[in-house]
Structures are given as C-alpha cells and as structure tokens.
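Just so it is clear, A, B, C, D, E and F label the chains in written order, and each chain counts residues from 1 on its own.
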C-alpha cells in the first residue's frame, strides 16, 4: 500500500497527469509488489518561483 | 516536537480544518509524548486532478 | 482518501504508535470527511541527530 | 526537473528498487516532459509498525 | 544530490525566495558535501488556514 | 514558523549536520522572516540503494 508524491513544475495538462499516474501505478504494481487499490499518487504542482536548482530559481533560468 | 503533514482533497472549510488540527494535536500530545508548543500540523490541499488512487485520477472517479 | 505523514522522534513504543494512528484516523474521519479504508498514516522516525529546532540539534538540547 | 518520493514497505530487493526507479523515471520523461539528468527518485522504506491503513498498523494486519 | 523542501507561510516575495534558495544551496554545498548542479530547493507555500501550531490555525493566531 | 526537510545521502557526521542545520536556520531567519524558536530542520538520511538520479540508483553510479 504505497504512496508516491511527485514534485512537479506546474503546467502539465490533465491528460498528461492521467497518463503519468497510470504509468507510475503500473510501475509500482510490477516492480514493488504493490496492490493498486490502496495505492495513491499525489502531484504537488510547484511554480517556477518556488523551485531552485543549483541555487537558481526557475523564473531566473533560461534552460527550463 | 513533531510535525504532521496532511495530504487532503481541497474543499474543507476553515471550521473543519480548525477542528482537525486541534484533534490531531491532541492525539500527538496524548499518544506520542509531544509538547504542543512546537507541534506543527500542515495541510496540503490537493485538487482532484492531482491525486490518483488505483491509477485513476480523482476527476475521473465517480465514487469520491 | 487522505495521507498523513508524521515526523516524530524515534523511540515511541508500538503501543503508542497503535494508539496514535487510530486517533489520527478517527480525527480524519470525524473532521475531514475521510473514509478510513484508503486512509494512510505513515510515521517517519527521526533520530535526535537528524532534527534541529531553533538551529540546535536534538542531541545538543537539554530540554527534550 | 522533478522529484518523486516513494513511501514504501521495507523489504524490497535492490533489484526491485533498480527496476522501479527506472520505470518511474521513464514514466516522468514520457508523460511529464521531464529531463532525466536532474530527476530524482527517493524511496522512504517504512516498517510495518510505522504505517497504518484504516487506523490499523501493518504489524496488526493479516492481509498485507 | 540532495533535495530540500521548505514548508513556508505564503507571502514571501520573489526576491526573498531567490535569496533563501541561494543561501540554503550554499549551506548544503559547504556543510553537506553536496554538489550544486543536481541540488533542488522546493518551497511549499502554505496559507494561514492550512497551518496550525499548538493546535491553533494561523488564521486564529494573533502573534504570527 | 517554517519546517525544512532535507533529503540527504546517509553518511554525514554529527558535526556536519550541526553546522548544516545552523546555517539553514540562519538562512530562514535572514531571508524568510522566520522566527527561530518554532523552526524545525529535519534530515531524512537516504541510503544509496534508495535514491536514483537519471533512473540510476546511487549504488550503481560511479560519480557520487
């Protein structure tokens, strides 16, 4: 009965999220002996001013 | 000095959150030797397009 | 279908954890419209060298 | 540049974890426009006395 | 390659977040042997109705 | 009253953790208007078989 939390840039479509959650669930069932009925996938959408890599905010990067 | 993070559907009222945080805090003090003054309860409100169970998004479920 | 994550000092007994998880689950059902069957409570036990308050590690505090 | 945190029962083999992390990474790249080089998958292994569903600890369940 | 998640009141400016992420990144590099290129700092902005201390919601406190 | 969670390779010394938590706390006070007395820094130590980057476990990497 696992829980998967995905920290993700905001802006993905519902269609992308639907496919993503399905694929992660399938991976958990296939590789981690998870039963799907109590398996949660939770997406935290994070804006570009709330995420930094290498000390630089997403709003200040030109490569993302 | 614990921290409790609650991943929750969006849509609860302030009154519900007030009662929930009070009850969780009381549970921590009673059962986990926590002192309340540095005890945090944080609610992450998650929309139905950002949460899947059994691989199916909340927006696609009819039973939630 | 919520998920509750508890960051807690290590050292609680199984009996304390049993009572804590039951009480938090009851609080979620009563105050947050949660259905218990897919409600998870996860405890992260953290040692005193991995937790600081006010910038001071638990191993260096005399009041905890 | 997403981060995926997996809360999982302890006891999976390294081989299972290797396959799981690979499959989740592939899912993120295919469905969430993620670039793999800064994509982290972190597994939190949780013991059965630290995880409850429906208010019942894993150590007290007979069906998991 | 660490990940740092900051649970924070909402309301900080972009300038504050920029300085905060830079300072946390520098601390990780200096004190935790982290290499900055794959080091993420993620801010979760939490509203005052979604955070309680000592069992009291931020919206009900007069001292924050 | 923020909470900072650090996901970190296992293996740092207590001295490194002490300096890290102090530096992160100072950064929060200076840049995020945090008051230190209720500010928590929590370190999750993660083993190299529980962390993947670019789909490759830490135990399988030669550059970390």
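Simple rule for what comes next: a residue touches a chain if its C-beta (ideal position, glycine included) is under 8 Å from a C-beta of that chain, and two chains touch if they have at least 3 such contacts.
Keep in mind that what you see is a predicted model, and the values were worked out from it rather than measured.
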{"item": "Repeat of interface D-E, chosen from E-F, A-D or B-F - more than half of residue-number contact pairs shared", "value": "B-F"}
{"item": "Greatest separation from chain B - chain, by CA centre", "value": "F"}
{"item": "Distance between the centres, which are taken as Cα means, of chain C and chain B, whole angstrom", "value": "12"}
{"item": "Rounded Å distance, chain D centre to chain F centre (Cα mean)", "value": "19"}
{"item": "Residue numbers of chain C (touch at least two other chains)", "value": "1, 3, 5, 7, 26, 37-38, 40, 42, 44, 51, 53"}
{"item": "Pairwise chain contacts under the document criterion", "value": "A-B, A-C, A-D, A-E, B-C, B-E, B-F, C-D, C-F, D-E, D-F, E-F"}
{"item": "List of chain E residues in touch with chain F within their complex", "value": "1-9, 12, 16, 19-20, 23-24, 26-28, 30-34, 38, 51, 53, 64"}
{"item": "Of all residues in chain A, those that touch chain E in their complex", "value": "7, 44, 46, 49-57, 59-60"}
{"item": "Interface residues, chain D side, partner chain F - complex", "value": "5, 14, 17-18, 21-22, 25-26, 36-45"}
{"item": "Contact set on chain C toward chain A in their complex", "value": "1, 3, 37-38, 40, 42"}
